[in-house]
Structure formats: structure tokens, C-alpha cells
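The structure is given below, and queries will be raised subsequently.
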Amino acid sequence: MAEFIDLVLLAMLALTALRIIFLKDLFAVVMLFGIYSFLSALIFLNLDAVDVAFTEASVGAGISTVLMLVTLAITGRKEKQSTHSSLLPLFVVLVTGAALIYGTLDMPPFGHPDNPVHQHVAPRYIEESPKEVGLPNMVTSVLASYRGFDTLGETVVVFSAVIGVLSLLGVRRKKKKDLESGLESHRVLHVVAKIIIPLVILFALYVQFHGDFGPGGGFQAGVIAAAAFILYALILGLPKAFAVVGPRFLQWMAAAGVLLYASVGLYSMYMGGHFLDYNQLATDPVAGQHYGIIIIELGVGVTVFAVMLNIFYAFGSQAERSNVQ
Amino acid sequence: MSFILDYYNYWVVVFLMMAGFYIVISANNLVKKIVGLNIFQTSVFMLYISMGKVSGGTAPIVVEGVTQYSNPLPHVLILTAIVVGVATTAVGLALIVRIKRAYGTVEENEFDNKDDVI
Amino acid sequence: MDFLDIVSSILLLAGVFFGFSGAVGLFRFPDFFTRIHAASVTDSIAAILIIGALLLQTSFDLNTAKLVFILLFLMVTSPTASHALAKSARHGGLLTLAETRPQDKQGSAK
Amino acid sequence: MLEQHLAVLPIILPLIAAPLALILGRSIFSWGFATLVSGLAFLLSWQLLAAALSDGVLSYAVGGWAPPWGIELRVDAANAFVLLAVTAISTLVLVYSKHSIEKEVKAANHSLFYTAHLLCLAGLSGILITGDAFNLFVFLEISSLATYTLVSLASDRRCLTAAFRYLVMGTIGATFILIGVGLLYMKTGTLNMLDLAERIDLYDSSRTINTGLAFIMVGVSIKLALFPLHMWLPPAYTHAPSAVTAFLASTATKVAVYVMIRFIFTVFGIDHVFVDMGMGLILMALAVVAIFKCSYMATVQSNVKTVLAYSSVAQIGYLVLGLSLVSVSGLMASMIHIFNHALMKGALFMAVGAVFYRVGSVDIKDFAGLGRKMPLTMAAFTIAGLSIIGVPLTVGFVSKWYLVIAALEQDQWLVAALVLVGSLFAVIYIGRIIEAAYFQKLPESRSSENIKEVSWLMLVPMWVLVIANIYFGIDTSLTTEAANSASEWLFQTNSMLENKVMEGEVLEGHAIEEKAQEVSS
């Protein structure tokens, strides 16, 4: 059954990708990309990668699509007729694809439990991590503890993204109150948003702190919390959102999250262990792992929330500027 | 037949990757290039997740009575890679907004004509 | 197959039927407002029916609560989204089919 | 405490400093802080190189999890040597950038500039030190994102399109590396490079592994701007702020070359890459074409930064050429050239940045008469230019010398001759600029402009590099010793790998014999 679902989803993905190649209407392209992301999230779910599915749905189908739409609002939605000769790209793609297909011929069969991937390294995560780290969600154990350095790097990548976006676009605080911002006339939206936003933030907190036991964690929580504020900013306008959380404050929050994460590593060095060795954080190693993971997940959550919201602010204020012009 | 059943997943994923790759290198519009880049990357993520799957396994969260779990390591790698992807997308889109402001167009061949090449 | 299973299957099938008809409507109807009407109305009822069917399959545990929350969330957001879309379209100056072709309407009234 | 954590500190120091630099906010504080941090990183990497030269390998398990389960940092003579060059250049460029950035970047973005610079430094250090293939991808993306930001900070609008092209090409490269690492992981189940090297041999002739190798090679080639994939480099280097170009030209591509060396020597093994896959010939051909095509391109450009950018692509050809000779001396020539080219190009781009600071343009025709107006800057440019050409008593000569020796060792007379002919092109493109600066008169229209020497804050780092150009050109003991032990170390690791393969074959041989006996009995 799982294989059948997989096949159907893959077919839908292939159709979506083909449609995107030939479409000229960029608005439709971006919406199809959102669908593509969502379908791949379903594939991830079907292949047991619940955390990944969660992230792909919130990032690919959520944040990325929103950012692309805002960009389209500034750049226009029609693609002009391409004048590129498409033969060279086609040739490059065919060669690359042929190389990859050649590579698949010696691949271990799909889903087989004896594959090398399942024989080396991973068994320790599956068998020992519930004892060594003490969390039922192995993905969180590996992410935050065994490969915690990768996750620090990932947080820094997000931080670099906000540095890039801010240096390119900046966030302008508007002095003029008269320009139309948000969806003033939509009464129904206002009421519904006011009901929903607290629930979304509550859900984000649940995802943040329940990530040790179920799918979720700092990254997903940060994105969901940012989505709640993005909704607020969309409906009530950027100036009102700036009054709640200002862009300057968000910059500090983004920096603080990275520093919070790194400080756990420094503290464990101070206690005599290696960088990010959570065993040193408490007398009982498993308790130490638990403290360490909660704190670094908080750091990730804070940074991701601040960065995603700040990036949206930057794009949003550009879009409002182009509306005025 | 079992050959096809063993590999069809990888083949479709390769096709999707190449579709994304084609969009990146052939599109003239910068937004479409970024969409292509995302499709390319998302398909690579599928390659990783496919190799982590164990037939008959469940999601790698400890549940009483389950012995066969899928491999958690590719999931962790891809969580990181998704974040890297969205970071790149954000910076790329910000560049596009600035290019639109500076050149008035986001079609590659049009702004090329507005400057001397290099 | 006990009674609950049968009821749940019927609800599920009904939900699928409504979802499918909504998709057909989305394709077949002529303009924006009729399409969004088809999509939003059938979508709501399909969601209620399908989640109702799933609720009957649970054994009244955490999953039940989660499904109820999802149902409530969909009931609030889905119509709101359709409303916002339609209102924005109207705001932006989109006319209904009847308004764009008044003579046709008169013709058909006769 | 310090010795124990020496391997991780050069990465986390700039990593933690970056958010602090953002919080500091004021341009002058961020600048001072970033320079201080970069200087500290330089001292640490000096210590690290000393430790690596005396003790061999330093392995550091991040999080206390033993490899291959956790992430391992692995420092040996080779990457400590490259790290030393990277941190040294970073510190000098930061000192230099204070004035240069004031001229070329909007005031509001200054603290963002220093933050991005620190992030880039942290990413490059991470790429060099990490011993984990996926961790390498993460740090690669940190440095790349910071680089796109740095390139796009210039005030000319063309920097935007240059940065966008760089972003698209860079992301394609990174995704190719991701595919390659995934294919390797699929066959071996591990991501640790040492562990990968051990387990790859079990599947030596596998098509999946070879495809993975090809994808990693192409991905890294995009990052290091190897000839047909170099198209992103000239525009990016031309339109980025001068300080950024000085930093990137002398570090980013070098780090990518090191990544290629690392994958070839410590993961796949040279026998596999060069003999079985025949990549040596491909790399050598591409390198030779790069040297000629791009040296020629450099002679016909009018923008000096573009001239030097094409020259960089040509110099990358030399680096890859040394690598493709597959010998200790060839690899040693590449390692020396990584260090030396960083010194030359750093000095050259700093001098060009100084000209931009005063004149506001870097066209060759605007260099006319600058020899008198900016004597120190142009003297620095001339000496570093002579170094690029390969005049004796400069580091350029040392690099070319070892490269020619390495080629002759293998009776590659043609290659040795081509290296020397390539230098002639350098005479032309550097000569054009020097001719303009010293033998052409300042145009009448500019004589009223107040063109004078730049401040000491820009001159000192430039001249430190120029003096290093001469010093390491005369006293070659430090660089050759480090490069020699680095390349011997790489070959040693590699032969360890191959011995294992041999044992594996012997075992298989036994198995075959046993089977044969079973059949016969």
C-alpha cells in the first residue's frame, strides 16, 4: 500500500514539475511550486520521515512560497518569451541525468533492511540513543546531540540569510500613516485572525517543547510562530506589526538565539568536556543531555522565528513601497 | 520486474531533479530560476529520504512493541538541508527585488543589454 | 464489519464524492465567483464528512482530540479564506459573469 | 584547556563573534572587534599548524561523540597550512577594509559587512577543519551565503547581477556535492571522511560510488572556478567591493582547491581517481586550457579588477595542474602556490582597491600617471605583479619553480614549457598596467584632482603582503617545509588507504583460491 501511494505521489510530482517548465504565468508557477512542496512533504510522510515532512510543509509550502509571492508582487507576474537557446541546457541536463541513472544501477534496492545505510552508524542511533540521550524521538537525539555541530551550523546559515536580506533590502520604518497597509476593510478576517493567532502561537510552543517526544523541534516551532506574526502583519499592516515586534529587536533576537546555542557549547567546554558535550551539563549524563537539548532547541527556535519574521518584514516593506509608487 | 520495483523510486527522483535543474539553467526569468533551484533541491531531499526508508519500518520515534524503525540519519541531514535551502532562497529573492529596482526588469537577457558585459 | 465501520465508510465515500464534485466544479464553472463557490462549499462539507468518518475509527484517545481540533480549525479558516478571496476580487474590480454580459442575461430571461 | 580545544576554536571563535558584531552595531566597534577576533583566529591557527607539524593529526570529537557517530574535526599539516593563510589574509583585509569600505559600502551596512565577513571566515575555517562530509556541506553554505552578501554590498548595480549568478552557480555546485555525498552515504552508511575512505574500498568498482565521485568533483570544480565552470568568477570579483575581492580571491577558491585535494587523497585514493577513472588527464587538460584561455582573456580586458579576476582563474589552472601531476612534488607545488597566490592576489587587489579609493575607477586608462601620485601603492602593485609573473626573488618564482620541477620529474616537458609560456601572458597583462602607471602622463583633465597616497591603514596591510611576497621568495624554508610535510602527509594517508585495498584484494584472492580448491576437490 505504501508503495502504491508513493507511486501515485511521484506521478503527481512529475506532472507538476513538467507543468512548471512550460508555464509562462509566474503566479501559477509559484502556486504549483507550493503544491510541489506539499506533495513532497506527503512523500516524506509516506517514507516515515515525519519531522522532515513537517519542515517541508512549513518551509517549502509555507515560507518559501510566501516570499516568492511577495517578490512577484514587486517584479510582475509574467515571464517574457525566453530567447535562450534551450538546446545546450537540455544537453547538460541529459548528460547529468544519464550519469545519475548510471549511478542508480549499483544502488542498494529501495527499502531493503540489509542496505549498507541501515547496517553502519544508524543502528547505534536506533538502539542506543533512547538510553544515551534519553529521548524517544531519535531524529531529535541525532539532530541536537550526535550531530549538534551541524545544527549549530544550520542556525548560523539562517542567521547569515537574515544578514544578507537586511543588507540588500533593509527594513524601513514608515513615518507616513496615510498609506494603505494591510486589509483594513476585511472585518471577517480581522475577527478570525484574532481567534486564530493565539492558537497558532500556542501550537508553536507545543511543537517547540514537545519535539523531544514527537515530530517537531525548534526549527518547525520558529517557522510556525513566525507564520502567526506574518498573518498578523498581512491583515493589520506592517506598522502595527512593527509596534508588536520591531525589526531592530528581531535582529537582536536572531543574534541571541545563535549565542544561546553556542553558549551551551562553551559551558560544556568550561565544565571539562568537548564543545557541545551535554553530558557535562549535569551530574547525570542523561539529564545533562536533556538540559542541553532543551536549551539549544530554544536557541534554534528563537533564531528561526526572528529571522523568518525579519525577512518577511524586509520583503513586505519593499512591496508596500512599490505599491505606493 | 523486481528490478523495476527496487529502483523506480530513484528513477522518478532523478527525473524530478533534472526537471528542476533544467528550469534553473534554461529559464530567463530570475524568479523562475529560483523556483527551479528549489525543485532541484527538494528532489535531492527525496533521494536522501528514499534511502532511509525500511520496508515495514515506522517513523524513528520509540513506540512500545515496534522493532523496525526507518533510518533517522538521512532525516536529520535533510532537516538541515531544507533550512539551508530556504536561506538561499531568501537571499536570492532579495537580490531579485534589488535587481528589479536597479534595472527595471528581471529577465536575464534584458538586463545584460543594459550594461556592458562585465 | 461492525456498524461503526459501515457508517464511517459511508461518510468517507460521501466526503470523497463532495470533494470530487468540487474539483469538477472548479474546472467546469465559467468565472471566478462561481468557481470559488463550488470549491469552498463542497470543500467544507467534504472536510466535515471525512474527518467525521476518521473520528469513528479512533478509540477516543489523543487522536480523537487532534482530529476535533483539525475539524474546528478547518471550519473556521476555510470559509474565511474563500470569503477573503471573493471580497478581494470584488474589491479589485472583478465583475461576475452576469454583470459582464447583461444582454445575455436578458436574453435568457425571456 | 587551550591545547585540548585547539581544533575547534578557529571555527567557533568567528562563529560566536559574528552575532556579537551585529549587536555592537556601530561601524567602528564592529570593525575593531572583527579585526581582533580574526587576529586571534590567526594566532590560534599558528598554534594549530605548530601542533600539527609536531604531533601529526589532531582529532576532536564534537559533543564528545566518537566518530563516525558524532562529527569529527581533523587537523593535519595540510589543512592547518591553508587555514594559516586564510586567517592571515582575513586579518590583513579587515585592517585594510575600514577605509575601503567607508568609500564603497553604504554606512548603514557597515556592521552587517563585518558580520558577514566573520561568518565567511567561520565557514571557510569549518570547511578546512571538519572531517565529516555533510558538515563540510553545511560550512560550505555558511561561507557561500556570506559571500553572496559581501559581493552584493557594492554600490554599483552590476554587483547585484554578479551576486545572483554566483548564487545560482554556487547553489548548483553545493547541490551537486550534496548528491555526491548522498550517493557515497547510500553505499557506505557513513559520513565521516576517514570511515568513508575505509568503507569505499569494499565497493571499489561500484557505479554508484563513481557517480558520487563525479558529482563531488563537478560541484567542487564550480566552487573553485575550474575552467569551463568559471563564468561566475570574473563578474563577481570585478563588481564586489575591493576589500571583499581581496579576501575572496586569496581564500575562497583556495579552500575549494583544498576540498578537492582532500576528497581525492583522503577519501577516494589517488589510484582510484587518477588511474581507474582517468581524471588526471581531464584535470590536466582543463588546467592547461584554463591557463591559456584565461591568461589571454586577462590581456584584453580594460578593467583592472577583471584582468586580475581572469588571472585568478588562470592561477587556479596552475593549482590544479600541480595536483594532476600526482606526485609528492606536484602536490607540494600546489600547496605552496595556494599560500603564495594568496599573498600575491591579496596585495594586488588591495593596491587596486587603494586606487579605486582615490580615483574612483579602476580602468587601465585611469591608472595613467599614478606612479608619481601614489608611489607606495603602485610600488606594491608592481612587486606583487612581478610575483604573479614569476620573477626570481618573489614567491611567484618559488611556485613556478616547484611546478616546473614536478613536471620535469615525470618527463612532462610539454607541461613545463606551457607553464613558462603562461608566464609570458602574465608579463603582458601586468605590463600593460605598470606601463600605464609609470610611463603615461596623468591626463590634463585629472591634474586638478587631488590624487594622493592612501592612509597608512590601507598601506600597512598591503605592504605586509608585499614584504611577505619577497620574504617567502627568498627564505623558502617555512613554506616549503609546511607544504612538503603536508603533501607527504597526504600521500602517506593515501598509501595507507591503498595498502588496505591491497590487503582486501589479497583476502579476495585467498577466497578465490579456496573456492577453486573446493571446486577441484
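Each chain carries a letter (A, B, C and D) given by its place in the written order, and its residues are counted from 1.
Keep in mind that, in the parts below, contacts are C-beta pairs under 8 Å (C-beta built on N, C-alpha and C of every residue); 3 or more make two chains touch, one makes a residue touch a chain.
Note that the coordinates shown come from a computational prediction; the quantities given were computed from them, not determined experimentally.
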Quick check on the contact graph: shortest path length from chain B to chain C, in steps? 2
Please work out which of A-C and A-B is bridged by more C-beta pairs in contact, and write that pair. A-B
State, to the nearest whole Å, the distance from the C-alpha centre of chain C to the C-alpha centre of chain D. 58
Measuring centre to centre with CA averages, how many angstrom lie between chain A and chain C? 29
From the C-alpha centre of chain A to that of chain B, how far is it in Å? 13
What whole-Å value do you get for the distance between chain A and chain D if each is reduced to the mean of its CA atoms? 31
What parts of chain C, by residue number, touch at least two of the other chains? none
Quick check on chain A: which residues sit in contact with 2+ other chains? 100, 104, 107-108, 115, 117-118, 121-122, 125, 147, 150, 153-154, 157, 160-161, 164, 168
Please output the residue numbers of chain D that touch at least 2 other chains, ranges allowed. 134, 138, 141, 145, 148-149, 152, 179, 185-186, 191
Taking chains as nodes and touches as edges, what kind of graph is this: line, ring, star, complete or other? other
Mind listing the chain D positions that touch chain A in their complex? 1, 5, 8, 12, 15-16, 18-20, 22-23, 60-65, 68-71, 108-109, 112-113, 115-116, 119, 122, 126, 134-135, 138-139, 141-142, 145-146, 148-149, 152-153, 179, 183, 185-191, 199, 203, 206-212, 214-215
Along chain A, where are the residues that touch chain D in the complex? 99-100, 102-108, 115-122, 124-125, 145-150, 152-154, 156-157, 159-161, 163-164, 166-168, 170, 251-252, 254-256, 258-259, 262, 265-266, 269, 273-280
Provide the residue numbers of chain C that touch chain A in the complex, in ascending order. 73, 76-77, 80, 83-84, 87-88, 91
Per the touch rule, the chain D residues reaching chain B in their complex are 134, 137-138, 141, 145, 148-149, 152, 157-158, 160-161, 163-164, 167-168, 171-172, 175, 178-179, 182, 185-186, 191, 234-235, 238, 301, 303, 306
Per the touch rule, the chain B residues reaching chain D in their complex are 17, 21, 24-25, 30, 33, 37, 40-41, 44, 47-48, 51, 73-74, 77, 80-81, 84, 87-88, 91-92, 95-96, 98-99, 102-103, 111-112, 115, 118
